[in-house]
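The structure follows.
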Amino acid sequence: MVNLTLIIALPLLMAFTMPIFKMLNSKLPKFIALLTTAFNLIVLSSNFTEIMAAPLILELGGWQAPFAINLYVGPLALVAAFLINGSAFILSIYNLSQDYQFDDKFYLLFLMITAGASGMVMTGDLFNLFVFIEITSIAAYSLTTFAGGSSYEASFKYLIIGGVGSVFLLLGIGFTYSAVGSLNLAEIAASAGLINPLLLQITALLFLIGIGIEAELFPLNFWVPDIYTEAPTAVSGIMSGAVSAAGIYALARIFFTLFPAQQFFNYLLVIGVITLIMGELIAYQQENIKRMLAYSSLAQMGLIVTVISLGTEAAVKAGLFQLINHSILKVLLFISAGVLISAAGSKKIKDLAGLGTKKPTAAFGFTIAAMGILGVPFLNGFISKFMIISSSLNADQFLITFLILAAALIEIAYYLKVVQKLYFEDLEIEVKNTAVITVPVILLTLLIIGLGVYPQLIAEPLEKAAAEILNNSRYIMTVLGGI
Amino acid sequence: MLTKYIFVPAAAAFAAYILNKKNKKAGATITALVSAYLLLSLALIYGSWELNQSFNLSLMGYQLEFLMALTPLSWLFAVLTSAISLLIAVFSIDSQADFKFSSVFNLNFLLVIGSIMGVLFARDFLTLFIFWELMTWTSFYLISSGKKKMAGRAAYRYLILSAAAAYSFLMAVIFIFQQTGSFAFEPAAEFLLNNSAPQSILLLLAISLPFWVKAGIFPLHVWVKDAHGNAPKEFSPFLSGMLLKVGFYGLIVVFHQLSFFKIIENTIAYRGLPLLSYLFALLGAVTIITGTILAIRQEDMKKLIAYSSISQMGYIIIGIAIATPLGFSGSMLHLMNHLIFKSTIFLALAAVIYRTGTTKMYEVGGLIFRMPLTFAAYLTAIIALAGIPPTNGFISKWVIYQALIEKGYLFLALAAFFGSIASFMYVFKPLSTVFLGQLKPQHQEIKEVPLLMKIPMLILIGVIVLFGVFPGIQMNIISQISGDLGIETVNYSLYSIQGAFGAWNSLYIFNVFAAGFVIALLVFGLAKKSKLVGLLDTYSSGEYVTDAESYHYAYQYYRPFDRLFDNLAAKSLTGFYETLTANLLKSGESFRRIFAAGRVQNYALYSVLLFVILAAVGWII
Amino acid sequence: MKFRNLIALVITAAFALIILQAFTITPAAGEITLNEFGKADINNRTAQLYLNKSVNTDNKKVIYQESKNLESGSANIVTSVVANYRSFDTLGEITVLFLAAAGIGVVLNLENSKKKKFAADDSSLILNTGIKLLFPLLLLAGTYIFVYGHLSPGGGFQGGAVIATAFLLKMLSDNKFEIKEISITLVESTAGISFVGLGLYGLVTRGSFLENFMATGTVGQLFSAGIIPLIYIAIAFKVGAELTNIVKNLIEA
Amino acid sequence: MLNFLEEWSFFGGSILLIFIGLYGVLSRKNMIKILISLGLMDTGVNLLLVALGYVEAANAPIINSVNPSNAAAFVDPIPQALVLTSIVIGTAVLALGLALVMKIYDKYSTLNISEIRGLKW
Amino acid sequence: MPLISSFLILIMLAAAAAALAFDDLLSSIIAAGLVSLTAAVLFYFLKAPDVAMTEAAIGAGLTTAIFVLALFKTERGKSE
């Protein structure tokens, strides 16, 4: 019932007024961020049943759907928006115990990166998608620099790659518009079939590169390790939990709706597998725990893209479930790693030895999340790993299944190294006191175990989302229904 | 209601964890109570084989049904698990006094028991996989709570190997699920039967991989030594007693219930046995030989006994692989007997470690004076291990020999003989170094272990002799199992087993030994007592010895024998696995150096390159 | 020419050739391809609806100074697209500039860094007197541009940029000219709030965000085109304040 | 013939500008030059977008006293609106990039990107 | 009209190439400013007055100013 545009409009309003809040009382921005993300979650859940029945079209500016910007919120977009605002909510709880130098600017940027990601997920217009990608990227450039030190280089590198990516994206939008004559995804999809195959291929590749950078695909994701390592913990959390999910959504929306040719899915399959294997192998080498988590999250993104590009409904459902699990687990991993790092005073894994006893909540959070990712039964990772293997075997891709399992094995190797160091080695360094993160850890652990023991909770939205993304003619019908 | 066997230990585990935080002994007592409860309720449901339970769940569009049922085989293993865990729990009430991770230990120990029950009662692959993973994970935590760095690495290697095997299991099982639509054993068995032979064999081998790893058979035995050697002293008996056996439970399920033998019946035979099962038997023989040779070389008592477990596993796999009635019952007998005498040995060694704090044999000596009961327990156990008549070890080895000779496999019989003869050597080494010889000065005031640790050892000694004299008790349940699995049973009575070339009457032999023992006792009692000499009052041909230097010869006990196999032991299999994983992961390093060279312009170049390559690929096709 | 640059040249050349290829495709029957230069067929594009202002209504004719109460009412069609049909994009774009200004403020962490003024010696006489003359004129030109945004070419962005250039020149010419941080942030926030407020008001009254809730008057009049001039005024202040903020940060870094 | 020259000059020209910009980003050592080439690429793309919307002998999409009615032929207004936004986004990104360059310069006191190897791994 | 635009495009491309080729940063910034300026005029030829004004004001004006400021805060500040 509550109009879903508020999910973007309200954070915008709060962001613009953040400097004034800061003048009123310096502690205010923290709580404003928390309240806004909480409000977003309430708005999303209030629309839950309605969207499960039929996708919602929200016209912006009151213009008839396909001829101006409209938001298309289907089950998939709702699930992704829940994921984004959920991780933002939990990270803003985590932020209550943190303090940043320019905290009004931090929370302003934090709200805007969440609103940008939600925008990417809900928009039904191509250029609007470009604008939201730019909002998310520029918020990410600035948020990374809050950690000081060499985060400026990481941010500069990401800016350059983001700049090149936006040029590709703009070229793609230009070609699509001048070929088809409209910027609305449904209208383009309707007449995509008539486009000359060569032009279609060039435009699709332009989009692949442009959005691939956000979706962390293989040759485009070298900014990921630098950014996730140098950025403050909350920023790495929101980037790996929410922004990468939005990137995957955008990639899926573009390729399932506009360019559903099998040839592009084969490209995505190959790129996804390479990202998976490369990510896992390099993650094993890392000594810096945040860099290890960064490579692990880009490997998981590769896994999700691989599974989704198999194209069958079971595969897309498995990919989506893995995306949800990955976001929850990664947010918990980054929060716990953040506390462990500030306790040990160094990002090196070998300095984290023996922290299990001194920092029980953070160590427990890290272990339960690592168990989740490794697919220990009764945790959410197990169900999605099972679904991934059965769907990829169903699409009789034996080599892909073997590679996925081999990658999972390497993953076990490097996560266990850290868990063992935490618990079964003695403490050498004196422990500094750190933030209290019991609330986020408890919330996320309940979510992990809840989804693991009773996944039926989100079975229905997943089924609807997978069905919706796969059948683009229904997407075209719902948007162009009137005309 | 079979799920109670899983949920009771699981619930008790968390209770034990919390209570143990306050009082160190609470955890172990709770484990003992739970195992006793399980043992009792299992005894009550003996015979009701139709007991089963299933509940189905539509999960994410998959119709999954979780089946559980009680079969004679799973009943036997469940009884063995709860019995051995009861004894270990009683033993560890006192022995965990100084153990830092005792609450985590009890939590995981109960979870391991619960998950083993889950594995045993599972009648479909999904439940089996879930509880198998849980068993692996909880035993991983148990092993890594042992000696600091080495336990971590050992547990780490154990988990990686089992995880790799579990994934091959998962892949094969899901493939079958796609063909048959369900995870249960029966539809899978008859699908595999009328499927093309090579594919079924491949599938079944993939399914049996985790069982081979857990059973510690030759190529996959690398984890056993480190895991046993470094695990906490209370967990080693369970690890080598029960965990290795769960692997055999799986193998029996694959061979008989999933009709692996029926499938390979018509494949090429070798000397009257399908080639594949002869290969498995050969693997068993090689395991015996390598286990024995490597056991002799060890200086750490727990590692030595770990290798002896590996070599004893060889006997069991030989029995199962040749699949004759004698062979099968021999291996089941040996499985039970090995569990009993191996846990006695480990408990005795745990008692030694509890008192002296070290696992190195050359650091201790002459403990017979201070810890006579532990010595007695250890002595009876190694007599059983070596296979000397009045004990149960002899019977099972005798039946396996009968089976081998009956089929005329000389090499396997030779390996079995070598295994049991050489076991004298590695068994005698700890006896002489730890218990005999001179008592080290610092161990003068060692006392015997407390009562609660004595009881399990006494019970086990009694069971060794009991089964040695009346094997019939074991044969009842084994014949139930072979009847259920479709293998004809060996005829037996309470105290005799009919082998291929004549029966074995254990009561008669026991009387002879008892008579001999009595006579020896009389002679010892009546004869003149020998003068008690101070241990360190050593006399060495006129040379005047001032300090209390002991002539107790313990280090590198069998140096001449070891020199024979030095080059063989050098090429240990673990080295092979280490190098394999090392350079696989080194490729990751080179991958990183090529691509993440840190220059942002390279990154931008790769994105444009991707565009050009994909355009070219699209243009060519 | 270093070897690395050669590879880069070859790859970029290949990229450019592929893009060029997109223009040289000869369309087979019924296929859509890019039209040649100057041949963009507007009539089956959404642009045609914007030109006829017939998205919700099926209006045909838009006559300067005559047609009344059209759906968008702005004479300058580009302004109607930017501020009315696709005003959500412009809102997004304003946020990008806002985040960039905030980001620069953080990166150069101005608040506690000592005020290092621009080291240029006091600039030449001509520059000072010229700017003293030009400053008010530039402000006037900027205001004209964004106030007449919906009638003649120009609008919020261009007006804001001109105002920012005026302040830039002022700051360059004399070092004592100091804009307090508070005033810039206040202008920025109020302008942002008013833009989003307009959108929310549209949402509350007309049911969808950024919907025009005022009468659109006759095309070509100053007071016409509903909320478009209001939006453009808000945009002008916001862009002006932000660009001045960016320039001020760069000068004082 | 003239139209052919015009077509090739606009489309070809803008793509060449993108090519120069992209080559600049990939090859130049100096960080400010990289940002300049990024700016060039943006200008090139904007030029291409507007050129795609150009109609021969049509006038600017503004109804004023010169062409009072919408019956006359107009150029496509949508690419112009898009380019308006993309120019400002490009400038915002460049400004942030320059601020980062200044900060990196304070630390490494060089603008040569190959000497900034802080993030080895 | 077409001849002038082709000529302007040539100037723009030359200025762009010069922007990369110059060693002195200030002259390459000025060359980039020239590119934006010619682009603004070209937008005018493409009947896009709004875009021309934006490109002139923001592209040529402010961006060049920002680049020069950044230059004087880094390299050029050092050499003086």
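A, B, C, D and E are the chain letters, set down in written order, and residue numbers restart from 1 in every chain.
Criterion: a contact is a pair of C-beta atoms (placed from the backbone, for glycine too) under 8 Å apart; a residue touches a chain by one contact, two chains touch by 3 or more.
Chain by chain, the UniProt names read as follows: A = Membrane bound protein complex subunit mbxH; B = NADH-quinone oxidoreductase subunit M; C = Membrane bound protein complex subunit mbxF; D = NADH-quinone oxidoreductase subunit K; E = Membrane bound protein complex subunit mbxD.
Since we're looking at a predicted model, the values are computed, not measured.
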Check every other chain and keep only those touching both chain B and chain E; list them. C, D
Contact distance in steps, from chain B to chain C: 1
Most central chain by CA mean? A
Quick check for the class: compute each chain's Cα centroid; which one is farthest from the centroid of chain A? B
Most distant chain from chain E by Cα centroid: B
Two candidates, B-D and C-D; the one with more touching C-beta pairs is C-D
Between the Cα centroids of chain A and chain B the separation in whole angstrom comes to 45
Report, in whole Å, the distance between the mean C-alpha point of chain A and the mean C-alpha point of chain E. 38
Inter-chain centre distance, chain A versus chain C - centres from mean C-alpha coordinates, in Å: 30
Whole-angstrom distance, CA centroid of chain C to CA centroid of chain E, is 19
Chain D: positions in contact with at least two other chains: 3, 6, 10, 16, 18, 21-23, 25-27, 34, 51-54, 60-62, 75, 78, 80, 82, 84-85, 88-89, 92-93, 95-96, 98-103, 119, 121
Residues of chain E whose C-beta touches two or more other chains: 48-51, 54, 58, 62, 66, 69-70, 73
Two or more partner chains touched - positions in chain B: 592, 596, 600-601, 604-605, 608-609, 611, 615
Chains that touch, pairwise: A-B, A-C, A-D, B-C, B-D, C-D, C-E, D-E
In the complex, the residues of chain B that touch chain D are 592, 596, 598-601, 604-605, 608
Complex contact set, residues of chain B against chain A: 58-62, 129-131, 133-134, 137, 144-145, 148-149, 151-152, 155-156, 159-160, 163-164, 167-168, 170-171, 174-175, 177-178, 585, 587-589, 591-592, 595-596, 600-604, 606-611, 614-615, 617-619, 621
Hey, which residues of chain C end up touching chain D in the complex? 4-5, 8-9, 11-13, 15-16, 19-20, 23, 34, 36-40, 42, 45-47, 50-53, 61-65, 75-78, 80-82, 86, 89-90, 92-93, 96-97, 99-100, 103-104, 107-108, 151-153, 155, 157, 219-220, 239, 246, 249-250, 253
Contact footprint of chain C on chain D as seen in their complex: 3, 6-7, 10-12, 15-16, 18-19, 22-23, 26-27, 51-56, 60-65, 68-71, 73-78, 80-82, 84-85, 88-89, 92-93, 95-96, 98-100, 102-103
Looking at the complex, which residues from chain E come into contact with chain C? 48-54, 57-58, 61-62, 65-66, 69-70, 72-73, 77, 80
